[in-house]
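Lettered A, B, C and D in written order, each chain numbered from 1.
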Amino acid sequence: MPRRPVVKKEYTLGERVYLVEITKGLGLTWKHFVFNIKASFRKGPHTVPTCWQYPEDRREIAPIFRGAHMLMLNDKGQELCVGCGMCARACPAKCITVKRGKRAEGEEDKYAGKTYCASFEIDMLRCIFCGNCENACPKGALVLGPGYELAEYDMESCIYNKDKLLANYHEAKAEGKLKPPKKPVPVEAPPAPPKKAAAKKAAGEKGKAAPKKEAKQAKKDEKGKKPAK
Amino acid sequence: MVDWQIDLIKVIFIWVWALLIAVVMTWVERRASAMMQDRLGPNRAGPFGLLQPLADGIKLFTKEDIIPEKARKILFVLGPPLFALPAFSAYAVVPFGDKIVLGGKEIILQVSDVNIGFLYVLALGAIGVYGMVIGGWASNSKYSILGGLRATAQLISYEVPMGLALLTIVLLYGTFSLREMVLLQQGTFLGFLPNWGIFKQPLGFIIFLVAAYAEANRVPFDLPECESELVTGYHTEYGSMRLGLYLFGEYVNLGTLAAITVCLFFGGWSLPYVDMSKFLGPVSYGIASFMVFFLKQAFFLFLFVWVRWTVPRFRYDQLMGLGWKALIPLGLVNLFVTALLVQLTI
Amino acid sequence: MAREIETVCITTGPAEVGDYVTLNIGPIHPAMHGTLRVITKTDGETIISAEPEIGYLHRGVEKLGENLTYKQFLPLTDRLNYCSAICNNVAYELAVEKALGIEVPEKAQLIRTIMMELARIADHEVLVGILGVDLGALTPFFYLIIQREEIYEIFEWHHGARLTNSMGTIGGVEADLPDRFHQKWPKMRDTIRKANDETDRLLTHNRIWMDRTIGVNAFCADDALNWGFTGPMLRACGVKRDLRKDEPYLMYDQFDFEVPTGKHGDVFDRYMIRMLEMEESIKIIDQAYAMYQKLPEDAPLMKKVPKIIKPPEGQIYHAIESPNGELGFFIKSDGTDKPYRIKIRPPCYMVYQAFGELVQGEMISDLIACLSSINVIAGELDR
Amino acid sequence: MSLKERIKECLEEDLLELTEFRGDLCVEVPKNRVLEVMSKLKKEAGFDFLSDVFGVDNLDLYAAKAKKAKKKTGEEEEEEPKKKEPPPPRFEVMYLLLSLSTNERLQVKVRVPEDDMDVPSVTGIWRSATWPEREAFDMFGFRFKGHPNLRRLLMWDEFEDHPLRKDYPLEGKGEERHLNYDTV
């Protein structure tokens, strides 16, 4: 048998006779009752402040919400994914399989890079929505979007293929729920590295990264086009 | 109309009324609890979700009826009706209104004015326990039997304070008939208070109310079926409409207890200070008296719900302690004092 | 650590083992929070002995950790104590940062602190609510859970997920405090207090609640230490031990807050400590937020860490005060990008092993109350 | 007096190795002296709280080291094969101790060879070792002598392997649990 401390129950008279505190409690629940009755007779959606009438009312989803994946297109409507498979490697649940394909002639306005993903499958039954794939993607092509209604009738349709991922993108774009461009995270500079490298890195991190990349992209495109001519 | 036809109509009316109260109560329970808890509750089926009980009924009827392999089959089947029937039967002696005059015939609004109506109610309450115990035992499950045993102990020990509280009322009015009790509560008491049982017997009322909660298995006394400990207690193994009958019986029980409370302590159908029969026609008076009775009953039904969503649950030994150590001595003292007063004043 | 109050302990008489019924509670049972199972021997309603059985949610997190990289393991820590996933995230991040020998920038520390304390409030709210539900009082649960919902909204706007947060990364946090936090916090502070106050009014002085909790499962401080209790369970026994004070991590040594302690270690004390701790957490968040506002807007959020994290060879143990108690991560690194051995020290694991002793001689209803008050989270227990 | 010195003084010849990494002290003690060392640490050094007990399997670590050494030395090794030491014991049992009065932590390491998995149980000193030791038995196969109830904790009783050993595959060997429902 265990040892137990001796507990003395010291009740005040009000506590001793049950009814006082119970009456106070009844008063509290009554206040809520009246408040909510009044609220529920108000017109319009979302009247009782804590209840969302789901299919009609919808919560506002945070712009950075980690929901169903989507494959991004750029402004020209080109697929950003180059099929590098970084996302598949970063995934802790091992739910992504990517096959890489080489861009053929005449597909320049379809794919942004020289290569593209011939097939892209995400097993949503395994996915844990951690966002590692999004962070790992060098092109910003794979993004966890705003979709959260993921129920399906069979297991096959839970494995998202490329079409579904692109459809997710179009849906999100139509609803205006695409993620805002990521702000660069301010990184503390390492304490005393060789000066040049630090300066370069800092500069690269903060402002120049985007234009540089664009320039590179342009160059690459040019290069890609040259042999074709 | 012949007498038996009138009686039949009254029986059917009271039966439908009891059913209706039980049905509506399931809805009130959910919606009121939701409102107390900052939720909305079921509001999809019909306007305000009023058809929800119907949907539940359909669901319960269409579910597979399972009798566990090792259950005592006959008793298992017998349990639910044994629980629900006494609850319905108790309505027979409830005076749900004064009287109504139809075609020159005076009809009292009560199925039968038994002169021991009061004992009849107590007796039926005691029979209702068997439904629980038999259901719990026949299921052949440990949780069920624990629930059944708790029900037995709880209901038997709370019948004593209930009886004591009621005895004081009997002493006061000198009758066992519920109808006569209600009639005796008209007028005023001490010049300004309504001549209701609650003002003459405040302590008796509290004891009775607490005991009524225990008899009805409501929180804070819902030990026989307390969900977090015994899954659902005595009806753990039940499904389909058998379960429905248990749940239904409980709400019918609530209706009965609320009606009895109104009859004994709140003047039944009568309004304080106002005699409705003086300025209402014979038919409208009957209906009005029924409405008054119903409103009073509705308040107590709501109180059952209200308390349920406010307080936590007792523990088994504390429940017995409250019954035997607090309520029974209080009831005895109350009875003694009342007897003394009655003896001295008459 | 200081022993606040010396309580008198007595050994209750030996159990008479006569006829008993074996009652199997769980794993499918309304009060067994997920996947717990207790096999009890009962004499009537009294428990002669109880033996918890665990492993129903065993996913082999430690084995998985050995096969994933340091960054990949972070989302798995969400699934330990899912009521306060952020605390697990930060505990793991701090452990890896200790192995790497880095300290994150001040702003990141403050954001971590604020988020952790919010998670602590959320966790305590769930616990108090569930304790009420298991004792039959359903209403406080809803008042509290609404506040948790508000907290989850802030989480969502900060890092994109509500329950399985995966907040931050090794080396800092990725996002600044969201606008939602700046807008909501002043109001939310009051609504959390109001919900706590309402719970308090519904429960604390209610005789039924007091009877159900005071003196139930009382436990001695010495036994508690011997059994390895930490956190609120230990503080309820009267031992003032809080890793935030005793072994300060992040910037907890700069905040001013109290460590509430109980007296008897019974269910009531555990409940009260959690209620009081929520208030302390609000205080900490206020202080951290004030410090945060003094920092420049573009202050660094991250320490520069290599893309592939390879701590040097060695082994470290780092523990934080999670809502349940001491949550520790032992990491043995062999210099590669995957941890060689990762061991999680879950707080409720140590408490739950004493469960048999905690409930012996009490009643079945008390077993349920005890289980809720321990806050056993199966995800953390089985890993 | 620093913690290091105190521990050296307390353990004397029982101290086989003392390492420090990022401020975490780790001492290695001989296996057959675990009980004596632990009670000494509890009574004399003030480590009165046991946080955790668990096992470590060093199979892969040694394999990787051997590979590295081979790569480095290359041909040299072939010249002197006789010097090769017998491999150190495969398993380790780690005890995480804590001093509540001074808030110092200490890791105690016990090396356990594969062919002799018996380890004295410390449940007599700290009851908090009850489940951790069971788990270590479950996951690695240590047999803690003197443990009151050494059964599997997380895996089911009929399970044969020890899943946290390095030679156990990540996704299992395809074991299935067949539940036997007793009719009792």
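Methods note: a residue touches a chain if its C-beta (ideal position, glycine included) is under 8 Å from a C-beta of that chain, and two chains touch if they have at least 3 such contacts.
As the structure is a prediction and not an experimental result, all values here were calculated from the model.
K.L.:
What's the overlap between the neighbours of chain C and those of chain D?
P.N.:
none
K.L.:
Which chain, with its centre taken as the mean C-alpha position, is closest to the global C-alpha centre?
P.N.:
Chain nearest the centroid of all protein C-alpha atoms: C.
K.L.:
For chain B versus chain C, what separation do you get between their C-alpha means, in angstrom?
P.N.:
Distance between chain centres, rounded to whole Å: 45 Å.
K.L.:
When the C-alpha atoms of chain A and chain D are each averaged to a single point, how far apart are the two points in Å?
P.N.:
Roughly 41 Å, centre to centre.
K.L.:
Measuring from the mean C-alpha position of chain B to the mean C-alpha position of chain D, what distance in angstrom results?
P.N.:
Here the centre of chain D sits 65 Å away from the centre of chain B.
K.L.:
Report the inter-centroid distance (CA atoms only) between chain A and chain C in whole Å.
P.N.:
26
K.L.:
Which positions in chain C are in touch with at least two other chains?
P.N.:
In chain C, the residues touching two or more other chains are 139, 146, 202, 206, 208.
K.L.:
Show the residues in chain B shared as contacts by 2 or more other chains, in ascending order.
P.N.:
36-39, 309-311
K.L.:
Chain pairs that touch, all of them, please.
P.N.:
A-B, A-C, B-C, C-D
K.L.:
Can you check the complex and tell me which residues of chain B touch chain A?
P.N.:
32, 34-40, 206, 306-307, 309-311
K.L.:
Across the complex, what residues on chain B touch chain C?
P.N.:
Counting only chain B, the residues touching chain C are 33, 36-39, 142, 146, 219-220, 222, 226-231, 309-318.
K.L.:
Of all residues in chain C, which touch chain B in the complex?
P.N.:
Residues 21, 23-24, 29-31, 45, 132-139, 141-143, 146, 202-203, 206, 208-209, 211-212, 363-366, 368 of chain C touch chain B in their complex.
K.L.:
Using the touch definition up top, name the residues of chain A that touch chain B in the complex.
P.N.:
Checking each residue of chain A against chain B gives 19, 22, 25-26, 28-30, 32-33, 36-37, 40, 48-51, 53.
K.L.:
Provide the residue numbers of chain C that touch chain D in the complex, in ascending order.
P.N.:
Per the touch definition, chain C meets chain D at residues 1, 54-55, 58, 60, 62-64, 66-67, 98-99, 101, 225-228, 241, 246-247, 314-317, 319, 326, 328, 330, 332, 334, 336, 340-341, 343, 345, 349-350, 352-354, 382.
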